[in-house]
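As written, the chains take the letters A, B, C and D, and residue 1 is the first residue of each chain.
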Amino acid sequence: MSCSCHADPLVPVVAVVDNIRRDTADIKTFQVKKPEGGLPFIFKPGQCAMLSVPPLGEAIFSITSSPTQQEFLEFSIKNVGKVTDCLHQIEVGTEIGIRGPYGNNFPVEALRGKDLLFIGGGIGLAPLRSVINYALDNRSDYGKIDIVYGARSPEDFVHRNDLYQNWVEQADTDVHITVDREFEGWNGHVGFVPQYIEELNFSSDKTVLVCGPPIMIKFVLEVLEKLGFDQKQIYTTLELKMKCGIGKCGRCNIGDKYVCKDGPVFRCDELGKLPDEY
Amino acid sequence: MKKIAKDQLALLWEKIDQNYQLFLPIAKEKAVNFSTWKEGAEVDLDALRTVNSPKNIIFPQTETYLTFKKEGKKLGLEVVSRDEEYVVFGVRPCDVASFKLLDNVFLGEPVDKFYEENRQKGLIISQACLNPEETCFCNAFAINPESAPVGADVATWDLGDLLLWEAQSEKGKAFTEALSDLLEDVSEDDRKKLDEVKAGIKDKLEDLPLVHVAPEKIEGGLKEIFASEVWDELYQRCLGCGMCTYVCPTCHCYDLKDYNGNGCGERFRCWDSCMFSDFTMMAHGNPRTTQKERVRQRFMHKLVYYPNNYESYACVGCGRCTERCPVRLDIVKVIKKLGGERNEL
Amino acid sequence: MEKIKEEIRQIAREALTGKKVDIILAWEKGPLWYDSYPAFFTKEEEVDSLTWDSFCINNLSKYLLEETMADKKVGVFVKGCDALAFNQMMQDNRIRRDNVVVYGLPCPGMIDPDKVRAKRLNRGLTEVKQSGDELIFVTKDGEITVPAHEVYYDKCLYCHYPNPVVYDQLIGEKVAAETALDRSERFSQVEALEALSAEERFAYWDSQFSKCMRCFACRNVCPACSCERCTFDDDDLDILGKAREDSEDQFFHLIRAYHVVGRCIDCGECSRVCPQDIPLEKLNRKLIKDINALYGEYQAGLDPSTKAPLVTYQLEDADSFTAGEKGGKGT
Amino acid sequence: MSVIANNAAVKNAQAFEPLIVAFCCNWCSYAGADLAGTSRLNYPANIKIIRVPCSCRVNANFVLRAFQRGADGVIIAGCHPGDCHYMTGNYYTRRRFSLLKNLLAYVGIEEARFKVDWISASEGNKFADVMNGVLEKVHKLGPNRKLRDSRWRR
């Protein structure tokens, strides 16, 4: 057997789940590293990885930790299907398979010197968090950072520590949090994310990174347009069914692009060239 | 150029079989498919097209590539080693052309090493089509059925009781050399006969009912064709089976699945079909909810998306879908409906 | 059939212009001689391409599933076997009768293109005309006349119901219901297999099933396979694996056949569409034969108000396992 | 791999031990099994009993899946016709599995590998007899390879 087959992009390597944190009732954040310690691979903010839990198969997740975190990868995973359900049941120390990184990334180099506006909804904060932490770890490279985050209820917030502590404490960084409707004991902002963006009336010279449920993205884009943002200033991520991660299996094909390879990050003007099938 | 009498072919198979896994068009229970040769196998070199295309050899319908074993929290993964070297005999020029289209996908970055290895281990022997049938339209994709196609290591022509043989690649030459005791040199007469047969092909092609298919006549950009009203009508009769995608030599969508074999198991790659309702089904919904979107995806991919990426159509005009689709929703009808037809030749 | 074709077109036009229906389900002709396929007509002017010839094999009842779900009025043309399918789908509550106008077409039989090719009649063939019990193949080099039964589908030769058993309007004259072959003979191939040893039978079916590509054409074309979501399609259930593995092929075919027990109208569409020529009718007919033997003669699709054999029972039913082949009485 | 390979080697070295899967109705044959046990009637340990609420809960998938995953024989045991806890369940069982039994035989599965029978809660003897009968016949036939998934490790 030639050793070249080990390099096949479809073959995972073994990694170990080092720490598991429960964020919400159905979201957990997993820290994953090589059995001997360290990252299984080098990646950039916005990229994804395929996690395997044999014999149930694989699923792709965005890496929520920043590349500046050298000890482990983090994945925030919502329990929605067979693979995620299995992941939610495993204990610390369990070995899983991992392969990656896949897809393109947020253009962290090109964004240097710019004011950044992150807009996240629900679990959609996961890929953004990678960039946010990257930017904060290289704070002097970037301008003002605004983070708008919304969830259905206060119980549905992911990465609470970041939202309430780590990010707020940073210089020139504002976190704006909202929930969909009134809740007892909730004194913060109430309303959907798009409305909140409109209320906050951001100046249109910022670069925007959006991720969340498709319906939220749709309305956020409308509001941003109203506020005078150019499509070229807005980046978002797409999510389609993916299997191979290398742009061949055809599942995430949309137009002449493959989300797993040419995405998941798209600038909105490029997204406009694709058929509306996502 | 070499030749071999057709009644000597069994000796040839036997000889090749000693060193290679040999795939031939073999009839089994009424269906002709490429399968491994065994003595007594019913080889059918006259079958114009096999049911399953030879795609099944270079990109098998099911291919196990990983085994795993779980013990407590431990996970063991092992890559499955590949098969021996093989020879495929009797690949038609359209099917040879399809290999290049699959190569574009699988050998593009990041390279699919399993596929690459499969390709490297294979030797392709083509067989020219001297009697194309009514469902053939390879000429629409500039494929010459009588030719020695690019991508074949050896090209052959069936002249009734003779098979003419020409090595094309270095690999093909070495292979031919190793079979020299069974192959003899052709005579001037044989060459002449071949030239005559080849010359006669053009008329036969022009006589075919689907000769006017011309995908390059399709007008409009990606989004225009996508939004065309044609799809509203075309998809209606589609039953949503996956036959067209499975018999198609250029369809390459696949799935990766695990088999749970009681504590240990394996992961395999298998063909999948964009015609199936669950193809794009995710936990939070399905972006292609009706058969219309699925049918559109398949043909947009073949006629627009793939050409945008690789500058050729993802169809070779083999006629399998034309012959097999239960409701005759084949690519010819789609191309024509989109305006891909020429009036004169 | 030419005359009937004109009549069909007229009916279709009138139904559409009179807003009697929103859609007409019929057939259209493609570029090849055998190329008649299902078509959906919504406008009067489209009806000119409607066809009716000896290649209209597709059963249009299958499409009623989707269409009536969308709450549309549908006019559908049915042959004898399609009418059985229609009734079967009615029995399964898969069609809303109020939404459908059924136009019955007595069927002389349909031509099997494979039989035409086997006779090498397809070279330069442009048209096939019907003349009584004979068919005239019009080729570029002249006309060839062939007895119709030589090129009809096998299933047509056994067909006992060429005249639709259900319709709102019948078009043309009824045809004679005598079958070209003895109807009981349709089980002869089943009997031939039954006579073999277990090893021989397994070898036979193994080599048949192992050709299967799992394209699901047999399922999707079947009027009895009318579940909204097939259990095989649910990835998470993992009832049927996706691998080409003999046991998965066997599993699929046995369950498919078993799932249509008592509802299979024996239209043979599954075998017709199988790209690998797996004789699925030999599985279906085995089950039909056993139903007939154990629970009395039954033809699915004949009467939608009856119950299919597997959703009912008789106290005195025989079984095949307690005392020999058919013995055993219920208490 | 070595663990599995060793197990297989050990198994091969021993005499053939058939694996029989028996789907038993909760209201009769499952109790029949109990009775057989408490009456110290011998029935072999390599019969794996799966309790079902009624014999008609078993569907054809279950039977085929058992064969796929290593069973050498499959038994369905329900209440005698007329005695169903749910009034009519086993009448359906009777029709369904009469046909399935014939179908399995038709595709070449030896008839002795699939057995349906009626065993009441009081028929501990019959339970043991039926189980032993199937076991004996299957033992004679040898290991089942038909319908077995080649990837399954027993």
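As a working rule, contacts are C-beta pairs under 8 Å (C-beta built on N, C-alpha and C of every residue); 3 or more make two chains touch, one makes a residue touch a chain.
What you see is a predicted model, and the numbers here were worked out from it, not measured in a lab.
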Selected interface, B-D versus C-D, where C-beta contact pairs are more numerous: C-D
Chain located farthest away, centre of chain B as origin (C-alpha): D
Approximate Å spacing (C-alpha centroids) for the pair chain C, chain D: 36
Chain centre separation in whole Å, for chain D relative to chain B (CA means): 45
Centre-to-centre distance between chain D and chain A (centres being mean Cα positions), rounded to whole Å: 51
Chain A and chain B, separation of their C-alpha mean positions in angstrom: 39
Residues of chain C whose C-beta touches two or more other chains: 243, 245
Of all residues in chain D, the ones touching two or more other chains: 149, 151
Residues of chain B engaged with two or more neighbouring chains: 255, 257, 259, 261, 265, 272, 281
For the chain B and chain D complex, residues of the former touching the latter: 67, 69, 78, 259, 261-266
Touching residues (chain side chain C, partner chain B) in the complex: 30-33, 35-40, 58, 62-63, 122, 124, 207-208, 211, 213-217, 219-221, 229, 233-235, 241-245, 269, 272-273, 275-278
Complex contact set, residues of chain C against chain D: 190, 193-194, 198-206, 239, 243, 245-248, 250-251, 254-255, 257-258, 261, 283, 286-287, 290-291, 294-295, 309-310, 313, 315, 317-322, 330-331
Residues of chain B touching chain C in the complex: 28-31, 33, 51-52, 60-62, 134-135, 207, 209-210, 233, 236-237, 239-243, 245-247, 255, 257, 259, 268, 270, 272-273, 276-278, 281, 322, 324, 326-329, 332-333, 336
Chain B contact footprint on chain A (complex, rising order): 1-2, 4-14, 52, 54-58, 80-81, 84, 91, 93-97, 213, 239-241, 243-244, 246-251, 253, 255-256, 273, 275, 277-278
